[in-house]
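Just so it is clear, A, B, C and D label the chains in written order, and each chain counts residues from 1 on its own.
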Amino acid sequence: MPASDLKDVVYRANQKLAGTGLVLGTFGNVSAVDRQAGVFAIKPSGVPYEALTPDRMVVVSLETGQPVEGELRPSSDAPTHLELYRAFPTIGGIVHTHSEYATVFAQARQPVRCTGTTHADYFRGDVPVTRPMTQAEVDTEYEKNAGLVIVETFTSRGISAEEMTAVLVAHHGPFTWGADVFKAIEHAEVLEYVARVEWRVRALDPDAPRPDVFLVDKHHLRKHGPSAYYGQRKDPKK
Amino acid sequence: MPASDLKDVVYRANQKLAGTGLVLGTFGNVSAVDRQAGVFAIKPSGVPYEALTPDRMVVVSLETGQPVEGELRPSSDAPTHLELYRAFPTIGGIVHTHSEYATVFAQARQPVRCTGTTHADYFRGDVPVTRPMTQAEVDTEYEKNAGLVIVETFTSRGISAEEMTAVLVAHHGPFTWGADVFKAIEHAEVLEYVARVEWRVRALDPDAPRPDVFLVDKHHLRKHGPSAYYGQRKDPKK
Amino acid sequence: MPASDLKDVVYRANQKLAGTGLVLGTFGNVSAVDRQAGVFAIKPSGVPYEALTPDRMVVVSLETGQPVEGELRPSSDAPTHLELYRAFPTIGGIVHTHSEYATVFAQARQPVRCTGTTHADYFRGDVPVTRPMTQAEVDTEYEKNAGLVIVETFTSRGISAEEMTAVLVAHHGPFTWGADVFKAIEHAEVLEYVARVEWRVRALDPDAPRPDVFLVDKHHLRKHGPSAYYGQRKDPKK
Amino acid sequence: MPASDLKDVVYRANQKLAGTGLVLGTFGNVSAVDRQAGVFAIKPSGVPYEALTPDRMVVVSLETGQPVEGELRPSSDAPTHLELYRAFPTIGGIVHTHSEYATVFAQARQPVRCTGTTHADYFRGDVPVTRPMTQAEVDTEYEKNAGLVIVETFTSRGISAEEMTAVLVAHHGPFTWGADVFKAIEHAEVLEYVARVEWRVRALDPDAPRPDVFLVDKHHLRKHGPSAYYGQRKDPKK
């Protein structure tokens, strides 16, 4: 796809994100990747959502990590996005927000436990939280290391980036992704919903029983994978 | 009533539900029954609320459980609705949401206790939560079994589907019903309100004293049944 | 004032209340009194806010408690309002809502403690909660007895209805009042705000220290009474 | 700048504040200073936001503390603003709100702890709470003493008014400031956000681990001071 189309998609996705109520001020950013062209486009740093235009999106090379198009600096989180695109080859878009309840779990360094079927519909198991970063990781190439710590969380624990499309960065906030950038936004919205519900479940009864694994799997697999039967057939006929 | 009218009612009810803020994305569904015609109409599966039209509602036979009209698949929860219509002969409409606070109680497997008069105005006693489903019930005909477990909750505990028009499905969320589908939506809204209040009552004081039964009954019966005196006479004269 | 003016005031006050978000469905009601004419006007029972008109307001005699104008039944809470107007001679309007946080305290039978200056600006001390009603009080003339129990709460504890313009009816919800009906609505809004804040203060630290009495009095008396200096002089000159 | 410009800025800032949802009724006020002219302009006392006009803003002398322009009384908190302008020479605007979560911490006399990077982006460390005022301080020149107690909190603990642009007045509520009045409003909004998140972190896990100091400093200093790299260069070139 031409870079102008990619920038347009990312522009529209950033506008959509601003409409979700998941971001405050200039916090948060959205990117989308074009793997054939070897680039991703991302929001510029510190620009209010209402001042964005498609032309102001910044195009970054997957190989060098350097901007190849755009007059503005990319989001300071661009190196984090870069590492995720490099490590997770099936994802097409990434969203970073400071949505309230997901951020609460990130700040408390607690996973969002899977205690209900809505969570299972979207995320297979608990949404993980990264380990805290070391001083060396923070002092040098902080944003790149944030990406590497996310990747480490998934690879060291054997978590699939397809079945778990969200992560909490310790003391910071959530990142979500998906097959495309609009899926990534949907996952950011659902993550906030399930974090909100789970926060209240824990306040109501910290020892509430967990759902059975077969119930979690049933819900996840009726929406995802080869046996899915939720929604409409791709080619609906009578 | 002609099937087109039933579909129109269900279409309008789904739109109304979308406006309540009780649903997120494509979650949630509404159905209405025409007992004379032996059918109910329900939202199609996984279609965004803004893409719904009356024609896209799916008509399902009460006898066979199969779609008899409509090109789309019915909501995956249609078999749950079917079992409720079969077991509760006086109900005219059913609503399923993932409204936040009711879902919190469902996920924590806790009833919504009746601790106030607003609750009593609508629901006579605690809103029950179903037992967890077995693996066999989940693996085969899951959605139909969800309906049967709701019915079991009411029959085994001697609860009246007229006096208690709501239930929480364990780890999943609430179903409500009513004499017609718009009453069912009203009950979904009030359930969310009383769940929100009760959640906060428990946080404020888990040992707060319960209201007396005579107070609960007073409120329920001044709005429902032969001695009701709330609202206007059906035939208001001077 | 002519009864039509009184009904118009009450109509506008009910519309204003509906806009505050403090009521759900047809819950809640507003009344205003004309002491010279010996009547008060109140919302009809169970009529949706959007279907109200000035003509539909019901005028009730302070002496007999019977409707003297209007084709509809008055709010079922009219006898409660009547007892408050009789006992508290300086109040001009009354509001009853089921606003969420005030209702939480009412259902938990806990006063809204005065822990901050905003509370003190409006309510001098803790907002009291009534004792639970007896079965005899509930079974016969329930709504009238609700009013009498409120009055008992104030007289038995020596609370002034001018300095404390709100009360929580146990297991039910708040009533507020004021010199006129729009003040009563303002008090309902502020009560909800201070209940919301106090609920969160208690969750944060149940043993948080109370403000000193001299601070509470300072705030209350800089807004009320002969030494008030908040706001503009009645006759502002240079 | 002419006084009319200063009043216009303060008028617009008060309108902007009203749109943030951080104020209720006439609570809250905004001021801006013109240090060359030796005056600040502030909202009049007790006037609803919708009745404000630029001309109604009150101009107060930094030297005498007396109004020098405007027919209305200044906000009763004007003496508090005055002491802050006198003690903190780099601040250009001050905002006082009763925003809910910041007020909760103020009423509970608890600092808003820094447990996340968003907090660190704006405020370097915990947002402090003042000591309670003595009876003598409350009885005489209460509002002036409120300002002096804020200043004491900063000077006695060695806190910088540039790195910490917010304070909680015990039992009362937050004050924020900034290089200009619109920055002060932004800080009021972010303070409310971080207070809301921190309140929920504490409910989730009162013993949650704190972020490392090097992480807090990294975030604060990438946005503020000579090494900042967040946002766009002042003079963006290719």
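Quick note on the criterion: a contact is a pair of C-beta atoms (placed from the backbone, for glycine too) under 8 Å apart; a residue touches a chain by one contact, two chains touch by 3 or more.
Note that the structure is a prediction, hence the values are computed from the model and not measured.
Chemist: Quick one: superpose subunit C on subunit D by CA and send over the rotation angle as a multiple of 5°.
Modeler: Superposing the C-alpha atoms of subunit C on subunit D needs a rotation of 90 degrees.
Chemist: Between copies subunit A and subunit D, are the contact residues mostly the same numbers or mostly different, with half as the line?
Modeler: Both copies touch with mostly different residues.
Chemist: At what distance in angstrom does the C-alpha mean of subunit D lie from that of subunit A?
Modeler: 34
Chemist: When the C-alpha atoms of subunit B and subunit D are each averaged to a single point, how far apart are the two points in Å?
Modeler: 47
Chemist: Give the residues of subunit D that touch two or more other chains, as numbers and ranges in rising order.
Modeler: If we look for residues of subunit D contacting two or more partner chains, we find 203.
Chemist: Using the touch definition from the top, list the residues of subunit B that touch subunit C in their complex.
Modeler: These residues of subunit B touch subunit C: 115-118, 186, 189-190, 193, 196-198, 200-201, 203-205, 208-209, 211-212, 214-215, 218, 222, 229-233, 236, 238.
Chemist: Where on subunit A does subunit D make contact in their complex?
Modeler: Against subunit D, subunit A makes touches at 24-27, 44-47, 71-73, 76, 98, 100-101, 103-110, 132-133, 135, 138-139, 142, 170-173, 199, 202-203.
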